[in-house]
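What follows is chain A paired twice: with chain B in the first complex and chain C in the second.
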Partner chain A sequence: MDSTVDIFESSLNLEETHFKEGFDEGYGDGLISGKQEGEQVGLKTGFEVGEELGFYRGCVDVWNSAIRVDPNFVSARIQKSIKQMDDMLQKYPMSEPENESVSDIMDSLRLKFRAICASLNVKLEYSGYPRASDGGKIEF
Partner chain B sequence: MEGSIANELYSEVLQSSSVKLDGGSNAVEANDNSYENDPGDLWYDDGSSCEDSVEKLNRASDMDREWQRRRDQFHTLGYRDGLIAGKEAAAQEGFNIGFKDSVFIGYSWGRVRGMTSAMACLPSELREKLVEREEARNKFKCLHESVQSLSTTDALKLFYEDQKRKSSNQEEAEPSSTTIELDLQNPDVSVLKTYSEQLHSLLSEAPLFEETFKIN
Partner chain C sequence: MNFADEIFELRELQRLEGHADRVWGLAWKPATGADGVPAVLASCSGDKTVRVWEQSPLTGSFQCKAVLEETHNRTVRSCAWSPSGKLLATASFDATTAIWEDIGGDFACISTLEGHENEVKSVSWNASGSLLATCGRDKSVWIWEVLPHNEFDCVSVLQGHTQDVKMVQWHPTMDILFSCSYDNTIKIWAEDGDNDDWHCVQTLNESNSGHTSTVWALSFNATGDKMVSCSDDLTIKIWGSDIMRMQSGDGNAPWKHLSTLSGYHDRTIFSVHWSRDGIIASGAADDAIRLFVESEDHLVDGPSYKLLLKKEKAHEMDVNAVQWSSMEVNRRLASASDDGTVKIWEFAASSAHKKLQL
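Presenting the complex of A and B:
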């Protein structure tokens, strides 16, 4: 009877060993595919975030130039808002997607942008995302 | 017949062991198996016992098969768990890599969109002061129109195509023959970059703008 008990102990260990073997193999494959999948998502998100920031940057560039040409182009209050957007854009940590401040800065940028557009009485919208030609589904 | 009984028995064991992988199932297993390991057991007194040696052989190969099946089963279970764990562990790292590869490209493209859009919304006297030559103003307008016709998704597609081309460029190490082919495709390489370059050349024609661009 002792011998049978031993056999089943080893069978139990074998199950663990097989599970562990499978786990390690899966983990290795998971690291590779997880990184690839993450990279795809990162490429898309990075591009979108970059585009939106660049869009605001471009608008601020134009407004700054306009103010330099004609200081009365906008009120002092709006000029202040434009300056604030400028500052936020400069401190936005573009290469640190994990930085906790990014979503707050992006939210403030959007708010300021909308407020400035409303004061300027222009219909300037960040028109990037909505006009997707095919439901936004893209694969590499 | 022998085999079918064994299968029946095993399948129960397998079911119970796959449902609960903890130690609890092992007692059941041990019980079931202990019958089989005893040659003098009741089952073998059912008339077929005269072919004892053949049966033993069959039994041995059944056992082997069974072990293999169980090995595969546990291996698969482990693999599945491992795959999920591995993916979770590596996803953020991959995300960061992808993000950094695209954020600056998106940024320069977005800047073209932003500048041309804001330009189009300026009062015309101001626009005339900023960009003195009418020809340049028209170019701004054209650029704005072509940029507006591209959604973010379209731009993203162009970007993906660029990336793909770049990586296939790196993979193909043979220089002479492939570069010619790639040059042929060049007209639409980096459409996004072309827009950026167009904007820059327009800005260089508009000194007041260029100043702003340099500051940033």
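Presenting the complex of A and C:
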């Protein structure tokens, strides 16, 4: 009996062998393309976050300069909001993308920014600036 | 007032024509319609205009005194008079809120509030007229402070709703803001200390007996300890809170579900308004106006409400808004509809048949 098993063993395991080969090959390829894709997404997201933070930094710096020149440039309320944005920008954990506070700080920054712009009656944007609403659907 | 012994009717006094598209909102000007001051009503429409109607002291009929146009370039969805009656705020799908000043019958746009990303759906003044709230399709609620020289500062931008916000309404006596949304919830916003820091202090949703579909409107009773809300889920809900605790500033008094009025409507309820003397009016997609009052037979677990009357075919199309005059003397109701008209109604005991009192 033993000898007959030996003869057929390689063909019996054919399916399993091919499956394993295919799996290993696919896994190897997936690892490479997954890393590449991850890198691209990371670059894109990192760029977007950096662009938005840099934009706010720039606005806050310009407003602060204007306030230094003319302390009555804006109301006390708006000055306070600008200060709050300044503080948030400083504490934003730029190099810790996995820090859970990032999305909270970004949300607060966006709300403060909208409030300041509305009070100043200005519309400040750059192409690609994130919108709070998705738009699309029409309803009343 | 006792609603048990008499039969009441809603009598059509006048049909106001002039808008060229559906009429969305209504606002009675405060302190008009009594003591010799002619009643004034504002209506806003899909025709991008606001019309101001005034009652003639001689004939008693309403006439269009002003058309506020060429400022909004899309539908005007909501309008509200400041408590002093000097300013009228109008919210539009063009993403702006305009502030109009009444200068001897001429209305001038004195300020435009920009900030919402798209359609503004509702506008409301607080009791003292020092704060203005707006909300819209961008899911946000905005609070503005009224400054001297017609300036408006944005106090806060509030995010919390996950969908289109349909209506904002300030509490009648306290600076607490209520908003209702396409996300089926009512949110309550209050200020932390004196810091411009506004937060959502309570969310009324399905888990606390709230609505299961879009909440379209809400309104308060005269004392401010009860609130009524209406929804696409075909129900009206009554909420209550401990007003004494609220006023003492002793923390936040939560709002609790008291009663649900179901089985009365079979189409979306767009509008609900509580009169000074306790009558709840509703306007719905079935073209009818219904009136409800608290019934004497209290249930163990809270007050119950009964249908006082139903006015079928109040309009030819959807009733978008119902609004009681704030003057108790005349019990006047205004309604606005997709059929492009505004109607003035008088609520009174039916002259034809009084119930026999045995």
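By our rule, the second predicted complex is superposed on the first by the 110 of 140 C-alpha atoms of A that agree within 3 Å, B and C clash if a C-alpha of one lies under 4 Å from a C-alpha of the other, contacts with A are read in each partner's own complex, and residues count from 1 in each chain.
In the analysis below, a contact is a pair of C-beta atoms (placed from the backbone, for glycine too) under 8 Å apart; a residue touches a chain by one contact, two chains touch by 3 or more.
All figures in this text were calculated on a predicted structure; none of them were measured in a lab.
Q: Given the touch rule stated above, what does A:35 touch, chain B (first), chain C (second), both, or neither?
A: first
Q: Just to be sure I read the superposition right, which of the two partners does A:12 touch: chain B = first, chain C = second, or both, or neither?
A: first
Q: In the overlay, answer first, second, both or neither for which of chain B and chain C A:75 touches.
A: Second partner only.
Q: A:115 in the overlay: touching chain B, chain C, both, or neither? Say first, second, both or neither.
A: In the superposition, A:115 touches chain C alone.
Q: Tell me which partner A:53 touches in the superposition: chain B (first), chain C (second), both or neither.
A: Only chain B; A:53 stays clear of chain C.
Q: Quick one: chain B or chain C, who's touching more of chain A?
A: Of the two chains, more chain A residues are contacted by B.
Q: By the touch definition at the top of the document, which applies to A:123: first (chain B), second (chain C), both, or neither?
A: both
Q: Name the contact category of A:45: first (chain B only), second (chain C only), both, or neither.
A: first
Q: On the A-aligned overlay, A:66 touches which partner chain: chain B = first, chain C = second, or both, or neither?
A: First partner only.
Q: Determine, under the contact definition given at the top, whether A:23 touches first (chain B), second (chain C), both, or neither.
A: first
Q: Once the complexes are superposed, what residues of chain A are shared between the chain B interface and the chain C interface?
A: In chain A, residues 123, 131-133, 140 are touched by chain B and also by chain C.
Q: Which part of chain C faces chain A closely enough to touch in the complex?
A: Its residues touching chain A are 77, 113-115, 117-118, 137-140, 142, 145, 147, 152-159, 164, 182, 196.
Q: Spell out the residues on chain A that touch chain B in their complex, using ranges where they run on.
A: For this pair, the touching residues of chain A are 4-5, 7-8, 11-12, 14-16, 18-66, 68-70, 73, 90, 94-95, 97-98, 120, 122-124, 127-134, 136, 138, 140.
Q: Provide the residue numbers of chain A that touch chain C in the complex, in ascending order.
A: 75, 77-78, 80-81, 107, 111-112, 114-119, 121, 123, 131-133, 135, 139-140
Q: Mind listing the chain B positions that touch chain A in their complex?
A: 17, 21, 23, 26, 29-30, 33-34, 37, 67, 70-71, 73-119, 121-122, 126, 129-130, 148, 151-157, 159-160, 163-164, 208-209, 211-213, 215-216
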